[in-house]
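By letter and in written order, the chains are A, B, C, D and E; residue numbering begins at 1 in each of them.
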Amino acid sequence: QAGKDIRIAHIYSRTGPLEAYGKQTQTGLMMGLEYATNGTMTVSGRKIVVIEKDDQGKPDLGKSLLQQAYADDKVDLAIGPTSSGVALAMLPVAEEYKKVLLVEPAVADSITGERWNKYIFRTGRSSSQDAISNATAVDQPGTVIATLGQDYAFGRDGVKAFKDAVKKAKIIHEEYLPQNTTDFTAGFQRIIDKLKDAPGQRKVIWVIWAGATPPFAKLAEQDLKKRFNIDVATGGNILPAMVPYNNFPGMEGASYYYFGFSKNQPNLWLVTNHYTRFKSPPDFFTAGGMSAAMAVVAALKKTNADTATDKLISAMEGMSFDTPKGMMTFRKEDHQAMQSMYHFRVAPGARPGAMADLHLVKEIKPNEMDVPIKVKR
Amino acid sequence: MSGDLLTLSGVHTHIGAYHILHGVDLSVPRGKLTMLLGRNGAGKTTTLRTIMGLWRASQGRITFDGKDITALPTPQIAGLNIAYVPENMGIFADLTVKENMLLAARGAKRVEQIDGERLKWIFQLFPAVEKFWNHPAGKLSGGQKQMLAVSRAIVEKRELLIVDEPSKGLAPAIINNMIEAFGELKRSGVTILLVEQNINFAKRLGDTVAVMDNGQVVHSGLMKDLAEDEELQHRLLGLAI
Amino acid sequence: MSLLATKDLTIRFGGHVAVNAVTCSFEPGTLTAIVGPNGAGKTTYFNLISGQLRASEGTVTLDGRDLSGASASQRTRAGLGRAFQLTNLFPRLTVLENVRLAVQATRDGDHKRGLNLWSVWSDHKALTQRADEILEAVAMKDKENEYVANLPHGDQRKLEVALLMALEPKVFMFDEPTAGMNAAEAPVILNLIRKLKSDKSKTILLVEHKMDVVRELADRIIVLHNGTLVADGEPAEVIASPIVQEAYLGVAKEATA
Amino acid sequence: MARILSNDFPRNRLLAVLLVAVLLALLLTPFIFPGVKALNVAAKVLVFVVLVASFDLLLGYTGIVSFAHTMFFGIGAYGIAIASTRMGAGWGALVVGTLCALAISFVLALAIGLFSLRVRAIFFSMITLAVAAAFQTLASQLSDITGGEDGLTFKVPEVLSPSFEWGEKFLGVSLDGRLLCYYLLFVMAVVLFLAMLRIVNSPFGRVLQAIRENEFRAEAIGYRVVVYRTVSSILSALFATMAGVMLAIWLRYNGPDTSLSFEIMLDVLLIVVIGGMGTVYGAAIGSGLFVVAQSYLQDLLKLGSEAVSGLPWLAALLSPDRWLLWLGLLFVLSVYYFPTGIVGRLRAGRAN
Amino acid sequence: MNLKDFDWKPMALVPLLAVLVLPFIGSTSTWLTLTIAGLAMGMIIFIIASGLTLVFGLMDVLNFGHGVFIALGAFVATSVLGAMGDYTGSQSILVNLMAVLPAMVVAMLVAGAIGLAFERFIVRPVYGNHLKQILITMGGMIIGEELIKVIWGPLQIPLPLPEGMRGTLLFGEASIEKYRLIAVTVGVVVFGVLLWTLTRTKIGLLIRAGVQDREMVESLGYRIKVLFVGVFVVGSALAGLGGVMWGLYQQSVIPQMGAQVNVLIFIVLIIGGLGSTTGALIGALLIGLMSNYTGFLVPKAALFSNIALMMAILLWRPQGVYALSK
């Protein structure tokens, strides 16, 4: 086997609604491979070849691309995809072909939950990890919270995980709005009506929103802090999507990644090299892609570049590996990478319209988050 | 100034793959009423449309007032002060009668600017136009539409009037009015080119006549002569009166 | 007993009464001409009888059956057939298909008037045969495979009549069947109408502005004026009546002019 | 032969050859084009032949422009998906899913037909556009039943899944459930296609054409237009549902984007036009060409953009990421150059 | 048109709806907030739909590509405003306007210019054929959207509202965003100019006539081709303006935004009746109000409120509230 290329398929949204995310992952993946192999792109004498495939954000297409990758292209393992829907459709294919699928960055809990099978690993964070870290950031006694999310699985699951993780604060209202809401007046009004007279020292609207038109700018317009002493909290996102955060100087939340937070070697390398190559800092999914690459290389090093699926699986289960976010560990039970999250605060002097300026409040270590295991074995 | 206002020489017209006009020669003398007769499918409508530039002559020459208009676009031809009433009447069904008239009056921006005397004259000829002034034109009866079509053509003074079968579907009384109207227009110096199936109409109004068959003008001369020569009528038009 | 009758038939468009309480009945074996000035309401009256318009008031009965609530297609199936003032055909189908569709619409059979989804259309030979007969009658058999859109105006008028014949109605309604046809072509249509007339079981209604045609064909004339029925009777009598002379023919006016 | 084709022959030699070629290619795909991709593409062609032909029934034969066609496609696919998820893999689930989906489609099509076929034609299309969009959102909101955005992944009867091997390799092709599944689809497609061919050539089909040509006159010669229109939209909905069933069986997955997205609607529209409206055969040829082209477009563009990598602007346009750009261009060009579609072109060519 | 003939019923719908829901909402201040916001939203929707009332309503062109011009306007605005940071950063609305007005003008010019090409190459061959219009303009939309991605990239771009236009005004407990009031002003201007042009000048008549019978309009001596191009360009320019307004409202723009608003503006036109500017305004206001009310009372139903409204209106008037006769 030695000398033969190690073939890896990267299936992601090169086009489609998540095009921007997917491309970051690809960049991160390639930079990660470069970093982890010291620029040689080889592990134990075997060259790593990445085959890119575009799932266009379509689950059916992603599924058949993964079949092609395993069957026609004879890849050793696959990485991706960008969207949860595509990932869920792919899971059974990995099982059918008995090959590893390393999920990055799709977030749905069920990927490493009910729908999981033993060929699935994930370097990306899960919805639960997101929600729990966010809960940690706002969970204080005497706080009352209203949640605001989109009315579909992602929003509802996110809120549910968040609720499960909140222990001390009280959640008094859940508002779900259609996914593509543009006029938030009615929703805000309902939240305000519920929250304004609620007893509590601190009132918070916790927002979980994915997609094109987030409610932050509109929330800021409402002047809630001044009018009703209501705060806003939310999770992280890609940099362009966080521009509106600057409307809320001092807003807190928890994020998966922000280029300025981690000070470890891989992240420093990533930030510097990303700046020199693209004139911009690395983002959310760049870091994710790099993490996936580093996980793969670590595993291959462990098996001495043996790509037999069972060897890979046993190497990866419980494996700890370095990433731009620090050490991660694939949990044995559900192959989810346990990882740090970041409690952040928007810079007090943030200027609306400028790039998001986040300050690190605290790194939330894996052992501080109780991420439930949901796989049925 | 006398002579011919409009002349066609050797005009050929193709519609798609069909060759319809085979060298039409026609002249319309200034200030006179010229009748264009011929059986169904002879090419009368096609001739009128070719003059208006709605179909293009593939060969031949059309001149108006000494100017070559063969290749001019339709709006410019109309802009030479020519009015046209097409066979299908060309009523704007969604607009009211008033708006239809306003559009035909190129010089007027608003209804008030239309020559009031002229309007009164039209109302008197075609009472329906006044009666349904604010109604959508599409709701008019077949004959009323025909009246509106002719009214539009005469709302402003034009040098040449080209009319395709104005009497179709009209009650006898209205036909009389129309004959009267064309007579009056002629007296005021307007040149008229008229296609008509109604031979009585033709006889009462026509100064000169051209008869078409198979895409060619097969006879032209004075109306008077044709009206008196029953044998010629029979030969040219296939009918005895 | 009369076959077709209208009682107090009225329609208003906004404030305008286009047909005003017309009560009239039509007997089999007669051809009734309907005349009147433009806008008198003739076409509208036809539309009310054949169901293209719904009456504001009044009833239409055929053979004693009240059809006032029936749709146009129901009335056609009940035996009211009409041809249109403006040609109204299926332009991108062939002549034969046009007629065959009309035959199929009214005849019962295993084609079930068109709701049969599962047989092959061309297998219904009886329909084709009947369509051929009709085309023969209007002298258009040689054009049966031409697309209607390519036919000259006169042939389209003939086909309009052929469709009406294919429906085999009890009542034939013609709305200016020869409009826009010249004197050389019109006879084909007029002959067809004459032939129908000789079959004594048919009721024929004819709207026509050409008085010579009316004089020759009509057994009876009714006159509409401003939507109201103002005269009804023998052709000679009606034509001579002052109202027709003045309002319709414009004779009186001419005399004064 | 005449009976099978309902007496509606291709009427053009080249067209006949093309049709036979498409048929043979589909029949033999597993053996002449090895690989998962080819088989997936061929299966998609089969599904689209049915879907597009069913849309043509509506558009080409009745003259109704509806944007809600994918809704019925989706109902079919969801029928299978939901039944298989709830009842577990098995033939029972397939039958129940299909029947329920057909029933729901029937009711919905009837309701839409009765309500909105009365409004102006272009309003009808806009209404269906809005309804389809709302239905898609609904499907993603009812996540307990439909799996939401993520969709449903499910299993089909053992015999149809890849793990079922029923013989040694034959001509280098492994004889597994996947192959059986493909041929199941093939048979379904052929049967449904011939059924539609029969319908458009029945007395009913002729009335539909008459209505398309001149609705007013069709009513006047005695056809109840609303009834015919409604029946035709129901029929077309049912066939679309069957196409959805085929899709779900093949993919063993369904989600809102997979069967309900507007993009599919666009593809269907484009195929109808490319193939030729009002000719069921157009659906077959159009689907064959289009689906194959679409599936390999990105690969082709990749070659293209590598070839011109020296010219950054051109390379940006030829980038595989911009494949939609070329699809859009195809829309425009096909309207310019194929107003009557391939079938219309070929048949007209013979007529002259 | 005299007053007696004027059809006031549709006009009454808007206040009627507002009054009817009051008892259900209970609190007056909440009701006021929702109503004012809804009306203002309606105005914004009207602005983005106004271009289509010309192109679709008058010229009978089903332009699915209309959304692209909206997106285009918004993207142009990001570039213009991005370059005028000094003006947008000021707290004074007047200074802000010095940036926003040029952005609007440039967006309208660019959208209009592209509209010119769009008319020439995409729309001209298909006047009068709806199906082909749908197909070819869809193609145009896809191409346009992809070209936007080529030029500005596929990413979401922030379009922050100038400083002085932010914030809300308070009326007791009720609040209204400043920007919405600005949008109302723009909307009223657009409405007024359109209405005046279409009903008080001959141009409106000519366009409507031209849709029905091009040849006849030409035979009357008018150059319909030029007129149609002109209308299309104006329609596109209005879409560009709408894009700027919409983008500033959202405070961010994405290439897909055109496709997202397409359905919405089609619904507005259907409710209003083709070709009627007043109808479009009423449709937009109704939609603005309706979505706020249902969003507050029964959020689950908000998704279907537009469709339900459209269906109800069509049951009442199958041609929309102010339809041209046909």
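Rule of thumb we're sticking to: a residue touches a chain if its C-beta (ideal position, glycine included) is under 8 Å from a C-beta of that chain, and two chains touch if they have at least 3 such contacts.
Note that the structure is a prediction, hence the values are computed from the model and not measured.
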| item | value |
| --- | --- |
| Minimal step count in the chain contact network, chain A to chain B | 2 |
| Reference chain C; chain at largest CA-centroid distance | A |
| Geometric centre distance via CA averages, chain E-chain A, whole Å | 37 |
| Length of the line joining the C-alpha centres of chain B and chain D, rounded to whole Å | 53 |
| Chain B and chain C: spacing of chain centres that average the CA atoms, whole Å | 30 |
| Junction residues of chain C, two or more chains touched | none |
| In chain D, residues with contacts to at least two other chains | 137, 141, 321-322, 324 |
| Shared-contact residues (touching 2 or more other chains) in chain B | 139 |
| All touching chain pairs, where touch follows the definition stated at the start | A-D, A-E, B-C, B-E, C-D, D-E |
| Chain C partner contacts - residues on chain B that touch it in the complex | 39-41, 128, 135, 139-144, 146-147, 165, 168-174, 176-177, 180, 197, 199, 237-239 |
| In the complex with chain B, residue positions of chain E that touch it | 201-202, 205-206, 208-209, 212-213, 215-224, 324-326 |
| Interfacial residue positions of chain D with respect to chain A in the complex | 35-37, 40, 137, 140-141, 143, 147-151, 153, 162-163, 251-253, 255, 257-258, 298, 320-324 |
| In the complex, chain A residues that touch chain E | 17, 19-20, 23, 151, 175-178, 180, 182-183, 185-187, 189-190, 193, 212-213, 217-218, 220-223, 227, 240-241, 243-244, 352-353 |
| Complex interface listing, chain E residues touching chain A | 27, 30, 33-34, 37-38, 41, 88, 149, 154-158, 160-161, 163, 166-168, 170, 175, 177, 179, 249-252, 254, 256-257, 260, 288, 291-296, 299-300, 302-303 |
